[in-house]
Structures are given as C-alpha cells and as structure tokens.
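All remarks here apply to the structure that follows.
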Amino acid sequence: MAHITMREAISQALWEEMERDPSVFILGEEVGVWGGSYAVTRGFYDHFGGERVRDTPIAEAGIVGAAIGAALVGERPVAELMTINFAFAAMDHIVNEAAKLHYMFAGQFKLPLVIRTVGGGGRQLGATHSQTPDAIFAYFPGLKVVAPGTPADAKGLLKSAIRSNDPVLFIEHATMYQVRGDVPDGEFTVPIGQSKVQRAGQDVTIVTYSKGLEISMKAADQLAQEGIESEVVDLRSLRPLDMGPVLESFKKTNRAVVVEEGWKSYGVGSEIASRIYEEAFDYVDAPVKRVAQDEVPLPYNRTLEQAALPQVEDVLAAVREVL
Amino acid sequence: MNKKDQLELYHQMVLIRRVEERGAELYQQGKIGGFMHLYIGQEAVSTGLIAARQPNDRVITAYRDHGVAINCGIPANQVMAELLGKSTGTSHGKGGSMHMADPGKNFWGGHAIVGAHLPIAMGMALGDRYGKRDNVTICMFGDGATNIGFFHEALNMAKVWSLPVLWVCENNIYGMGTSVERASAVASIADKARGYNMPGERADGMDVMKVYEAAKKAIETVRSGSGPYLLELDTYRFRGHSMGDPERYRKQEEVKKWEESDPIGIYRKYLTENKVATDKALDETDSEVLAEVDRAVEFAETSPEPPLEELYKDVYAD
Amino acid sequence: MAHITMREAISQALWEEMERDPSVFILGEEVGVWGGSYAVTRGFYDHFGGERVRDTPIAEAGIVGAAIGAALVGERPVAELMTINFAFAAMDHIVNEAAKLHYMFAGQFKLPLVIRTVGGGGRQLGATHSQTPDAIFAYFPGLKVVAPGTPADAKGLLKSAIRSNDPVLFIEHATMYQVRGDVPDGEFTVPIGQSKVQRAGQDVTIVTYSKGLEISMKAADQLAQEGIESEVVDLRSLRPLDMGPVLESFKKTNRAVVVEEGWKSYGVGSEIASRIYEEAFDYVDAPVKRVAQDEVPLPYNRTLEQAALPQVEDVLAAVREVL
Amino acid sequence: MNKKDQLELYHQMVLIRRVEERGAELYQQGKIGGFMHLYIGQEAVSTGLIAARQPNDRVITAYRDHGVAINCGIPANQVMAELLGKSTGTSHGKGGSMHMADPGKNFWGGHAIVGAHLPIAMGMALGDRYGKRDNVTICMFGDGATNIGFFHEALNMAKVWSLPVLWVCENNIYGMGTSVERASAVASIADKARGYNMPGERADGMDVMKVYEAAKKAIETVRSGSGPYLLELDTYRFRGHSMGDPERYRKQEEVKKWEESDPIGIYRKYLTENKVATDKALDETDSEVLAEVDRAVEFAETSPEPPLEELYKDVYAD
C-alpha cells in the first residue's frame, strides 16, 4: 500500500497491464515522446517503445477507429483522447461503432478497448475545453463509462477496464491528478459497475462521482463538525450504473443530494433522483437535491468560472435544504 | 487462375445476382424491411477482388454487402436468413441487410455509417502489424465515402504508419443521387492518393478478370510491405441506391448504356471465347444457382425468428 | 386551416420562409435533385435552384460547419442532416461550435441557423440508424432543441427556428411524416420553449414529445374508455425546457408518466421526473413512471425492435401503476 | 508597399512580440490562466498575410491568435485585457487567450478545437458568395490541423463549390510535440492541395515581405474567382507549444538555428538595407512599443472584472 497521486495510480495501472499483457498498447496524441499532455505516460515511450506507446496525428476519429480495429483483431488498445471535449470529434466511433458492433453482429465481434480521456472544468480553458459531459456518453447501451474519484479506484478500475472485453470510456478529471490516496501495490482490480460508500453516515446520502467526490467529502467533513453525518456514495461507473449502495443508504437516511460537475439538466443527478423515487419511494422524506454546474458554457474568467462550477458551499446548502 | 476457379467466380457472380433479385421480390412482399442496397451491376468488383486475397486477408465493406458476404464464403442460406431477420442469419437477424459478417471467414462486415469503417480498417491493419501477423486488410467503400473526414484520417494514418491496407473505392458514379463531379474536388478517386503519397490505380470494375489482375497486383504490393495502396474500380449499380429510390438524378439511357456492359455478360463471353466453358455448362451453373437460391429462400423462410432473449443478449461481452 | 401531413407542414414552413426571406437557404445531402431522402424538399430544387437548395458531399461536419459560417456572415442557413444518427459525425460542430460561439465571444457572433434532422426507430434500420438521442443534444446550453409532435407545431416551430438568431436543432421523427393534422395556412409561428397541453384531463399527467405524443394520445383514448382522463403535455422543446404546463397539470393530477422513445437512463424522463419532485414535491402521490426504450442497441428484426420500443400498452401499464 | 505601411508592419511585429513577452510574465505571475499559445517567432506570417488583405476580407484562425488579433487592428489594450479576463477584453474576459475576435475588424476568432474552424471558414465563404459579397475568407491553421477530417471536408467542399477561401497553413514543424513527418503522409502541406485539385504554394514564413508577396498573389487569385487556394508558410515557434511545454520533442540547437532567422531581425535588416528606415528610427519604434505595452498592461490591470451577470449573458441571442 502506497500513498500516491491519482496520476501515479493511473500510470501504475497502465504500466503494470502493459508488462503483464503484450497485447496491451497505448495510442493517442502526445502519449509518447511528450509523455502525455497530463504526464500520465511519462517514461513509457522510453521503456516500451514507439510501437506500444504510439503517437498519433491529430485525428480523434482515426484514433478511436484505430483502437476499435486493433481490438477486433485481438489486441487490447488503450486509446487516449487528450480531453473529453475532443471526444466529440470521435463521437460516431465511440457511440455508433464501439458501442454497437458487438451487439449488431450478434456477439461475433469483441471490442476489448479502453478510451482514456480527461474531463472537467476549473482550469480557465474556456467553453470548448472545460466540459464534463460524462452523462451523454453514459446514455449509450453497449459502452461502459467509468469515472474514478480516488487513486485506488483509478488504478483498480483502469486495470479492470483494460481486461474487460467491452469498450470502456475511462474519464479522468483534469484537476484531480494531484489528489493523493492509499493505493495497493501491484495486482489490484476494482470491478466496473459497483458503486461504493466512501464515507459512512446516517443523516443524509450524498451521491456523487469523480470531482464531485472531492467536493462532497469536504462538505461531509464540515457537516460532521455540525454533527450532521453524511453517507457519501461514489458511483464510480455511470454505465453500468449500480444503484444498490445508493438505495441502501437512502433507505437509511431518507434524504439525498446528488453532486456532479456537469450541467444539471439531463445530467447524472436527474437519473439518480428518478431512480431513487422509483425504487425507494416510500422512504422519501424530502426532494432529492441536485448540485451541478450552472447551465452556461464555461467562461475563461476565473471568478465567473468558479461561480458556475459546483462548490462545497453548494453541497452544504443542498444538504441543509433536504434535512 | 485455373478453370475451376474461373468457373467458381462465375458461380459467385450469378449467385449474388439471383440472391438479390429474390431479395428484391421478398422486400416488395414485405418479408424484408429496413434499407436494402443491391449490388446488382457491381458483382465483378468484390468477386474479382476477393478472389485475389489470401484466406488470412481481412475484408471489410459498407452496407452494400450481400455480394461481399457471398464472395467471402458465407452461404446464401445465411445471407437470405439475415435479410429475413431470422436467428439463422449471419447476425441472428439483429443486423439485417447492412450488417452481415463472419470473422471466421475474415469478413468483418457490413457497416452502415458512411466512411466510418475506414478508420476501423486502418486499426485492423495496425493491430495485425502490432501482432506480427502478415495479412492484408482490404477495405471497400464507395465514391461518396471519400468526401467525409473519416477517409482522410484513415488514409493519412495508414500511410504515416505504413500499414498493410488496400483501400478499394467502388466508383459507381453516385453517392445516393449525387454524382462524383458534384461531390468530389477530383474527378478520379485514385487521384486522392496523391494527397497521401500512396499509389493510386484505377481499373475497369465491370470485368472480373481485370479486377482480379488489378487486385492481385495491389494486394501483393501491400503485402510486400510498401504500405497502403488505393485502388479505384469503375462500376455502376443497375438498381436504385436502395429499395424505393425515385432515381431522379440519372437518365434511363445512362442505365441502359451501362447495362450493356453487364459484368456477368462480359465474363460469360470471356469464359466461352476462351473455351473455359461452353454456354451449355454455364446454363447449367445458372440453373444450379436458381435451385441454390430457392433452397436459401426456403431455409430462410422456415428458419425461426430470434427468441426474445436475443434482444437482451450481446449488449456486452462480459 | 388545412388538414395536412407532418411532411407537408414542414415543407410548407421551409417554402414559405424561403419565399419570405432571401437569406434563408437549404443545404444537405440529397436535399436538391433527389428531393430530400424523406421527400420533405421535393420540388424545392426546381423552384429555388441549386444555390438555395444545395446538395452537399457526404460530410456532416462540413455541412454543419458551412451552416455556422454562413450564419456568422448574416445568412440564415437551414442545414439538413439526413438522420440524427449522422449528427454524431458533426458532433463537435453542433455542441462545441454552434452552441458556444455566441457566448464565448461575448455576443459578438450571431448564429441564426437551423439543423433539421430525423430521429427515431421502428423502421428496421438497425442499431446505428435507429436512435432517438434527443436528450444528449438537449444537454448543451447554447443550443436550442425542438422536436414537434403535430403537423401544426412542426410548421410553427420550424418557422420560429428559422427566424431565431440562435442555433436550433430541429428533430423530426422518421415514422411521423404521414401523421395528419390541422395546420393554419400561411403565417403561423409557435414560440420555441413552450410546452403545450395536447389533451386535457384530471386523473393523470402524461408528459411526452415527438413520437411519444402519438403513443400517448392513443393510450389516452383507451384510458378514456375506462373513464380515466389523462392530461397529455407535449414538451415540444427540450431546451429551453418549459415545465410550467407540466407542473400545473401535475398539481392537479398528482400523478405523472413520462413517455419518450429514447433510452430510459439519462433520458428526458429522468429530467422531467426530477423536476417534478423538485418543484411540486408536496403534490406527489405516486412515483413518476418513465416509459422509454429498452436499453439495447435497436436490432433489425421487427419483432425484437418493436419489443424494445415503447408501445401504447407500456403507457397504459404505467398509468395504471401510478393511479 | 509604401514606406509608411512597411514601418507599420514592423510596428505590428514588434508589438506582437512585446505583448506576448509581457503576457508570458503575467502568466508566470498567475495573472493569466488557462492555455496561452505564444506566436513569438511566427509574427511575419500573420503580419504579412493580413497586410495583403482588403478590409472586407475575413480572417479566422486557431487558438494561437494574439498576433492575428493585433494585425487585424485590435488594440493591445483589448488583447491584454482579454488575457487578464477583464470586461474590457475582446470577449469580456469570457474567451481568454484562445478566443479573441472582433467581427467589426473582420477578425472572426480564435478557435480552440483543432481544425474545427476550417468548415466554418468554408461556410463564411459560402455565405458571402450566396450574399453576393465579393470578399475573400482567409483561414489560418497549423500543420497538425491538416490531418484531421475537418480539413478534408472543408477543402473538398470549398473546391466543389469553387468558394473564395484562402487556406493558409502555418507550418511550424510541430503539432504540439509531433513533427510533420511523424503525423502527415506528405512532407509538404502544400502537396495536400493536389488531392483537391487546387493550387498549392509554399513560401518562407519568416520573411514578412515574402509572406506579403505570396499572400497578395494568393488573395488576388482567389478574388478573381478561380476558387480556393492553399498557401503553406514555413515558420517556427521560438517558445513552447503553450506555457509549460517540457519541449522533450526538440533540441535546443534546432531552436537556436531558427532563432537566427528571427522574423523581426530579418525585417529590420531589410528596412535598414533598403533605406526604408534608420536603426535609430526603428529603435524609437521599439521604445514606443514598450510604452504602448506598458499602457496596455496598465489598462488591463485596472480594468474591471466582468460582473456576475456576465456569466448568464449571451447564452442565447434571443
């Protein structure tokens, strides 16, 4: 068990899987010589070489298409899309090809591929470079969508994603690479599609994932000082979506707040809230609150950007409302 | 090519023609739904092309895939069953006309998003190269597909990485109803190879032997390790783009003119003139094919519908 | 007032707007010589000519990009994407460019453009050609998303969309072109962003739009025979989303079913249900039910496809459950 | 070009250089955030190019846009204010370094998605042609942008419709850290014009006069109605791709070598040798520019932050 950053945990998972399985290779923009625009693959090119850590032209559809093709013929590509904002340039290949080929041909094709990408705002990159559109990818059956909130989960889930025989969109958060946590050394996997209670409590259930977890845990700490014990449930995977721990917690607390960084409408919170009402209606004591991003394209100016993004204070306010 | 193989090509071409003619009837009867794009008129292209591949060479194409499926060795039974959406079809009735495949026969589908399979084909070649397999990936697509970004990204990456892909453009003059000159900056698709510094050749796609020769040369060039290669084959579809095409964009004279160079007629002439076969022998093949197609229809019609469980199956592999 | 089909209503709106305003022009695949793959622009090419009814190469990003550019310089392009499944090939231009340029440059750019497209399953076109992903486009602030359910709304909303100075994604349904209804002749507009009660009732509220309206109205008729009066609220626009009529109705019926053709998770129903709970919590007598598509890529086989699509029976069952 | 104009170009080039040097400092001080891509080393490209346009010609570029903004006539004040995210910036602080624009000066941004502005530029030209306006759209982009599908769709459509667009590729050898030869099938971007049957020219992008001449010729050719034209300009960025680039992909010797052909140095030599100006006069311009930049920083620093209402403004036009 080592106390390392999210970046180190992700690198470790990639490195170990490449050492373990020669069919695993990385491709993407600046993953090689540069070392990854978020430095996740630093040192990989020198160790594994250009065939296994392949720099690509700027061609997102080409990158995802290449990963799909290589997966079809039996390799295990890990494609990196520099940020999730560029995934729109590969949208057809992600949602129409990767997500559908296995089903459409009645299981004849296997697509053991991972698309690693980076989402999130808060870095003053402006409207086109700051999105957290995780929910729209989770909309598509056939695709698995994972978004870890801790270094341990990042390592364990990425290893599972690489070993999975299905296409997995693995979403990292641009502002969480420095987050530290205890991560088991070597072999360690976390199954895709299992939510997890990251903090136990009985007064209110906070359902969240990725960056939302960071905010929620901070809020939970502050609430604890006021004697309010929050149970924080981390979805970890948006598809398949595991409502088990959420409902279990909710049936205990009867109150819930969903925290996500993306926009509110048609977002993750909408889905979670709807399911809670559908599956735990008799336990509902107050409306489920959704804490999310203001519905505007994110501006460059730091003050405005932060005003639009969900903050710890927003979570505190939401919790106080549902209590 | 020896006589036996030459006759087999004739058999395949006629089989494609008859399977689709019956398919058209079944479509009219409402037994086939969705979009169905007939290959009639273009049979020489995939027949000659696929005859030139090694068994380990992969083939991938667009939605106009019945002929390709048959050339790759998928029995007419399975093709017909897929058209009727039966559980015995290549894709258990879940894919339909546009989505036939059989990796076992190295046929990788049947893809309905124009141009989207080109980056995938490039990736298959990348995977094979990575896995040290020395096969070639043959990617077929239409003239209209060369104007979408996917084409550009795939051809550029294939060349940058010097991948073993043969890009085969079936130029049938139209992308749905839009002619090449109204949609493409260059009149000859083969010229697009220049922008990727790869060989670009053009051949007659109505003469199966010419296709075969051009394909042999192209495939072996690619196999030799010299990187990707673009082959344009001039052809024409005698039927509409898909069932129910009003065909406002072309004159019947144009269709008539092309029908004079019917690939089956051309090949039949070649076979008889070169004494590969007598008209009588070919007539026999024709009637054998008719029987084969009858059996395929019978097979398809009597095959079971996929069970409801099939709806929820294969969304994920694990 | 004429009794015409959805197809005729849409053609009429396009024709009238082109006659009214020379800056309006159409571009897309097969919109000209062919007459539109769904025959909506039949006759336009001969009347308006190739400059105003422009056939394009197969290049969706190019088509939407062309519309954005033409709009920036003051024209009013109406781009047609043959089906919404191909919109993924233009995703970046729709959600990253069209939806953001006005905001990102502080209002300096105007984007008076419409993207007409066709969604929906039920025609045995297979997984890549049968989607109803309306919700994922509605996710993006900056874009307006409209999806009419009646010929009159189709005409009125399309006219408003063409006159709007914002990018509008106008989603038609592939199986509704033959639907008939009364449509006012000539000048007639329906404001974007207003839901409408299409059928009055007091027992249950059915919230829906597009194809869902057709199904819901049929269900409402059958329920009426059993003495159950459903109020059917048609959203018509998914963004901006007008909850007013929905809440008003719900406060009267205290029960709601949301009917959409798209997949259930992260869909329109999730958003509507969450909002109802948030904004009318004290009026909730039963969990809001979501009727939607089974979460599988749609298969070709007709029986399987119909089994996956929401049917009148599903609406009836859902209504009975909430009553 | 007359002396006055030639001196103005010198002024613009030095202004771009100094504005960005100060920008880099302010970035280090944390007063500028996000991504900032410096144009230092490439000043001759947009300066010579934009000097060759008519006022009604439109300019659109990628995120490396400070120089282009200044050449289009946006005051250093507004550029600096946008960098600092102030309400007095070109985009009220909502766009930042990558998103400057002023349609009034026919500068259409500042676009951060690689290649995405090419189809938009094509559309602007389509709109102008449709509206019977006889201006040219000048679209600038990097070498890396020529490998994405957007480039292909835009160039093909521009040619098919014979639109008045000048495609200008700033070949600075790298797309982030990936060199042209590792990312592009053809070594010379100008050669890509062949795939679209459009003229493709290449010129020295470090010499503003050569850029001006090449641009003049290109723009007038396009204006004459002969359709789109691709112009490749060889240049080099002296700084990293954006702030905080580890620069593992290039050797310092390479940077040094290119710095010897500093566009400002080359132009200064040209001006003095051709007696357009004395070193003394140019030194004066240099110090005037320093003062201008000081004022710009002062202006930006003292400008107000955008009010919170700005966050909710301009999501929609109506």
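Going in written order, the chains are labelled A, B, C and D, and every chain counts its residues from 1.
Throughout what follows, contacts are C-beta pairs under 8 Å (C-beta built on N, C-alpha and C of every residue); 3 or more make two chains touch, one makes a residue touch a chain.
None of the values given here were measured: they were computed from a predicted structure.
Asks: Under the document's definition of touching, what chains do subunit A and subunit C have as common neighbours?
Replies: Looking at subunit C and subunit A together, the chains touching each of them are B, D.
Asks: Work out which chains are contact partners of both subunit A and subunit D.
Replies: Chains that touch both subunit A and subunit D, as defined above, are B, C.
Asks: Could you give the separation in Å between the centres of subunit C and subunit D, each centre being the mean of its C-alpha atoms?
Replies: Result: the chain centres lie 40 Å from each other.
Asks: Taking each chain's centre as the mean of its CA atoms, how far is subunit B from subunit D in angstrom?
Replies: 46
Asks: Starting from the mean Cα coordinates of subunit B and subunit C, work out the distance between those two points in Å.
Replies: Comparing mean C-alpha positions, subunit C is 36 Å from subunit B.
Asks: Tell me, which residues of subunit D touch at least two other chains?
Replies: 91, 94-95, 99, 113, 116, 147-150, 152-153, 156-157, 160, 182-184, 310, 315
Asks: Note the residues in subunit C that touch 2 or more other chains, in rising order.
Replies: If we look for residues of subunit C contacting two or more partner chains, we find 56-57, 59, 61-62, 85-86, 89, 92, 96-97, 103-104, 126-128, 141-142, 295-297, 299.
Asks: Have a look at which chains touch which and call the overall pattern line, ring, star, complete or other.
Replies: complete
Asks: Would you pull the subunit D residues touching subunit A in the complex into a rising list?
Replies: Touching subunit A from subunit D are residues 33-35, 85-86, 91, 93-99, 112-116, 144-145, 147-150, 175-178, 182-184, 246, 248-249, 305-306, 308, 310-312, 315.
Asks: Under the stated contact criterion, what part of subunit B meets subunit D in this complex?
Replies: 147-153, 155-157, 159-160, 182-186, 191-192, 194-198
Asks: Within their complex, state which residues of subunit C touch subunit A.
Replies: 85-86, 88-89, 91-92, 95-97, 99-100, 103-104, 126-128, 133, 135-136, 138-142, 239, 241, 263, 265-271, 273-274, 277-278, 281, 286-290, 295-297, 299
Asks: Which of the residues in subunit B end up touching subunit A in this complex?
Replies: Touch list, subunit B to subunit A: 58, 90-92, 94-95, 99, 101-103, 108-111, 113, 116, 118-128, 130-131, 133, 137, 149-150, 152-154, 156-157, 160-161, 310, 313-318.
Asks: If we count contacts the way the header does, which residues on subunit A are in touch with subunit D in the complex?
Replies: Subunit A residues touching subunit D: 29-30, 33-35, 37, 55-62, 85-86, 89, 123-129, 294-297, 299-304, 307-308.
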